[in-house]
Amino acid sequence: MQVAIKWINDQGGIKVGDTVYKLDLKYYDDESKKETVQSLVERLATVDKVKFVLAPYSSGLTLAAAPIAEKYGVLMNSHGGASDYIFEQGYYYVVQTLSPASKYQTGFLDMVHKLDPNAKRLALVYEDKEFSRAVHQAAKKYAEELGFEIVYEKTYPAGTSDLSPILNELKATNPDVIIGGGHFADGQLLASQLAELKIDVKAISILVAPALPAFYEALGTNAEGICAPAQWEVGVKYSPDVAKELGFEWYGPTQDEFMKLFKEIAGEDKTPSYHAAEAAAVLSYAKAIEKAQSLDPAKVREAMNDLGFMCVYGMWKIDPETGKQAGHEMVIIQWQGGEKKIVWPTAAANSDPCYPIPSWDEKSAGKICGT
Amino acid sequence: MRRYKPLLPVFAIYVILLIIGATTPGLWQPIMFIMFYIGIGVALNNFLGLTGYVDFGYVAFLAMGAYGMAVALNYFTELGFGAVALGFFLALLFSALLCIAVGGVALRLRGAYFAIATIGVNEGLRYLIEGARIWGGSEGIVLSGKLRKAFGPDFANYLSTFVADVCLIIVIFVASVITIYLINSRVGYALLALREDEDAAKVVGINVTKYKLIAFFTSAAIGSLIGASAWTLKLTYVFPEDVFFIHYTVEAIVIVMLGGAGTLLGPVISGLIYGALKYYLSVILPGFQLLAFAPLLIIIVVAFPDGIVGYVRKKLRGKSLFEYIR
Amino acid sequence: MVLLRLEGVTKRFGGLVAVDHVDLEVNEGEAVGIVGPNGSGKTTLYNIISGVYLPDEGKVFFEGNDITKLPPHERTPLGLARTFQIPRPFGAASVKENVAIGAMFGRAKANVDEAMKMADEYLELVGMYELVNKEAKLLTPLEKKLMELARALAMKPKLLLLDELMAGMNPNDINRIIELVKKIKVKENIAVVSMVEHLMHAITQFAERVVVMHQGKKLIEGPTMEVLNDPKVIEVYLGKKMVIEGYEG
Amino acid sequence: MAFFEQLASNLIYGMLLGGVYGLATMGLSLIFGVLRVVNVGHGAFIMLGAFTAFWMFTLYSIPPIASIVMALVIGLALGYLIFMSVMRRLLDAPELSTLLAMFGIGIFIEELAKFFWGPDYVGYSWNIGGISFPITEIPFTKICAFISSIIIAALLYIWFQRTKLGKAIRAVVEDREGAMVCGVDVNRIYALSFALGIGLTVLSGVLVTLFTPVGINVYMGGDYTLKAFVIAVLGGLGSPWGAFYAGFIFGLLENGSYTLLGLIPGVEPFGLTRFVSFAGLLVILLVKPTGLLGGE
């Protein structure tokens, strides 16, 4: 988010009437605790006189902060809480930048459906937590609409160190495609045990874990071909030209500028991930403030209703009534030859999908995607 | 009345905190944050402090309270304030049921066995709710939308940013009165005896099971009311992984021990210190608050094994201030 | 009238028989001494009477009622009180609170205020008045014993069981305690059972009747002087120095 | 006969996992047995072992099985340091104080680890093949973890039975005063047992990663702490051998009950296995308050 702030300030700040405002950032650590987040949001709203908040990184915390934000008339932009139901609670002052949970696995299903209409047997194994459940319930419904046959569906509790009971069962159902996962640790475990138990399928998509470089470091060639949904990825093809082609306004730094600024701020060795979403959230504030010509959160919120622009993160457009993100599309990444490639949607892709993926035996013999 | 003198400093702390919170912009939530920690300290102290039994599964009672309130608000939303009242009733009921279950098994055990059995209760209950998909399973109960639809957004916000806080404050005031009543009554002396030597206490004529259960039920009831008000009513959602999080139990134990187990003032002072420290560390040292907190805790444990108030009481023995500090 | 009656009481631990078919009667207001070497089953007998252990065989009657199965806390209010060989104070409580707890939950069933007053009285009686506010765990071993005596007396028992109360005391203290117990015994009509390992002098001063225990069995029973001069008793203590005067640690 | 095949493979995996659980609990049980200290920071030490294996493998390509020695040495040193700096001062303090101190130490270690190693989830892949059965596949790494845990437990058993120090430790567990009377330097035994307990725990962290080589994170220990508590009680607190056997029971119960619970409609059987193992603990404590394998 510092990137977007720096970019806006470098561009001369936000002009409201004759006054030019520069953005400033205050941040506190909520320790992911629901009690702390309320106090901190209140502090932001009163002590720091903040009017625009980037919401905490989890659905529960966003929910905890929402009444406080509404009480102080602070606008909250959720770049972390991806669950749909937050936006079904009727909080007008909460808007979303991320694509909601219901969209996480649908792109992957679209992709498989298009690549191989005969791959029908779908298995779901996911963590029994509110978020992954929401993702996979929506995915299941969508898969059925696409004509997939659900051959297996089981959850596992958080903090598991052995998934063999469900994976043995899953293997017996002989699926073509597996979707599942939940968070970092269990996503790595799922992939690692699919490999150990030699459960060969044509395509796998796991939530969250594979989107990080640590996933490949941990699993080595076993990670080859595994897909994951991502809100954004380095190398997406969003650019002012694409925006023009599609008839949208471009706002904010281009990807090259973004990467350059990011390295300046965060250091050379870091790669941005969720930072693009944060940047988009900041940009949406700036854009809406400019449009509303006011710093009043109510007016800014109003202005957001018919705001639609493309930035490094992709499209940004909310559903006016709920504040849910409607414009942004998620990408599907796949590990190919040790690199994270964007394979879906075609408009943003920088590589072709590897399908069907090599078997575990082939992979341990050194076969990688793209060879 | 003389025996109720120790309430003076306690109430003074509460009132000063509330005045600060009400008059200083931006400090109301932090004060409620501190009150929450004082609350769980005072609540757990009625059991851990008075009996010396370590209940690692204590947070399950807060969870029962949270679920009691959530069930009432979710299924009986149309009752309005009645649903809130029903929620408190269900909170007490659920926690009492859990008390009976735990009391039957675990209270027969001592020391580390008891402590670990209660972990079993907490984790077992959580996985039962998730695995058997009770009350929404891992998806929990989310109330915000329902409340906003039923009461309108303003009233719903009023519920969670004001009524919930007032309920918590009332619970804490009452809890402190209960604590001092217990300490001063036969119950308190029975608990004092059984904490020090359970077998000798039996021989002196104390029905240890009865008094342990009294402390257990009291502490659980207060805990459930805190869960109902500070969690469900205030946050408007309940997720099992969140409300059965063992971290809260450990925090409550830390507060009781730091302040001085079995004292009235102890959990209040340490809850205040703990909450304030946590809040300011997250402001001053975001990301490193625990790194700063841990060595502090170790030093205090080594240097003041009786807790802050225990230490002060020792120093004050025989002085006139002594009877104000308990 | 018979206050306490044991009928064929037996207690085993693993393969060991700690108490072997013991019969015993204690009358109201009577002073009885139980003498026996270490391991003769005296303490086990006390634990059976006070309800800490359930006997494997036999029955315990108090005032004619069968109390064999009653838990300790239900026996105490009937009028039982005891001290421990190694004192067991409620360490973090003050001396006064320790004694008051006895008054609250013993036969006295006093309320908190009454109990505090009684605690003062009994502590003055045993000569510990200046120590009332001290933490019990900071007392000397002797003071702890006296405090336990005060705690037991404050329970207003009908039967007081003393377990090696006088072991480790100097002769002056012993005489003082014996006089004290005698006085209270008469005043409140308490039956006192005193258990000692060796301290024969104290027993002769105090007990009207003596029971000698040996290897879990009752060896002999009768008027004090008669029993102490019995050849069987001397045989049990053969090789051990009989301490008639002074004290034995 | 899919049902029995599932059950069989779950029991095999349960046994392999149980071996790791067992070893990962022995340190906890030893420390409790000797010092009466409940090590609530247990998981932090397992995490240290896991990271030892991870770093040795990633930086120097040392196979995890060889990191066992390294982890033991680190654990022994760390345990001794903690004993001398903190625990020694708390020997006469109530059980609760030591519990709090261990809690603080656990957090401190986790936060330091986060400071140096970051909050990421890491892992390694040490691919040495596996055995194929008709019912399931078992990688050699898991078998390795299982066998190492049995060998270490056996070596420890011999050490406890044969050496003077081992006997002294056993004496202190059984009868502290008695041991003191017999001329055992109890403080030395305390220091040694604490160091050994922590050493074993850090070591078991290596085996944990051998079984589950991914998802290594500074906060990974929490789940192992909870399970270790339960296993320790099942085995009779304070008895390392009891803990080792109880580890097997727990592993078998956790994985084996899955197949049976799967027969209940409308529930999440995997979540319920956790309920079964914790509820099982309560039932056992109800019947035998000193634990399944504990003495009087």
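Each chain gets a letter, A, B, C and D, in the order it is written, and its residues are counted from 1.
Basically, contacts are C-beta pairs under 8 Å (C-beta built on N, C-alpha and C of every residue); 3 or more make two chains touch, one makes a residue touch a chain.
Predicted, not measured: the structure shown is a model, and the values here were computed from it.
With contact taken as defined at the outset, chain A and chain B are each touched by D.
Graph distance from chain A to chain D, where chains that touch are one step apart, equals 1. For chain C, the chain whose average C-alpha position is most distant is A. By C-beta pair count, the most extensively touching chains are B-D. Of all chains shown, the one whose average CA position lies nearest the global CA mean is B. Between chain B and chain D, the centres computed from C-alpha atoms are 31 Å apart.
The centroid of the Cα atoms in chain B and the matching centroid in chain C are 43 Å apart. Centres computed as Cα averages put chain A at a distance of 76 Å from chain C.
Computed centre separation for the pair chain C/chain D is 48 angstrom, with centres defined by C-alpha atoms.
For chain D, the set of residues that touch two or more other chains comprises 222, 268-271, 273-274.
Shared contact sites, meaning residues of chain C that touch two or more other chains, are absent. The set of chain A residues touching two or more other chains comprises 128, 155, 157. All chain pairs that touch, listed by label, are A-B, A-D, B-C, B-D. Interface residues of chain B, counted against chain A in their complex, comprise 25-26, 28-30, 32-33, 36, 127, 130-131, 137-140, 142, 144-145, 148-149, 153, 156-157, 160-161, 230-231, 234-237, 239, 241-242, 278-279, 282-283, 286-287, 289-290. Put simply, chain B touches chain C in their complex at residues 184-186, 189-190, 192-193, 195-197, 199-208, 262, 317-318.
In the complex of the two chains, the chain A residues touching chain B come out as 27-31, 34-36, 38-43, 45-47, 60, 63-64, 66-68, 70-71, 85, 88-92, 128-130, 133-134, 155, 157-158. Within the complex formed with chain B, the chain C residues making contact are 50-52, 71-74, 76-77, 82, 84, 88-93, 97, 100-102, 104-106, 111-112, 115, 133, 151, 155. Contact residues on chain A toward chain D in their complex (touch as defined above): 128, 154-157, 159-162, 164-166, 168-169, 172, 184-186, 188-189, 191-192, 196-198, 209, 212, 214, 217-220, 222, 364.
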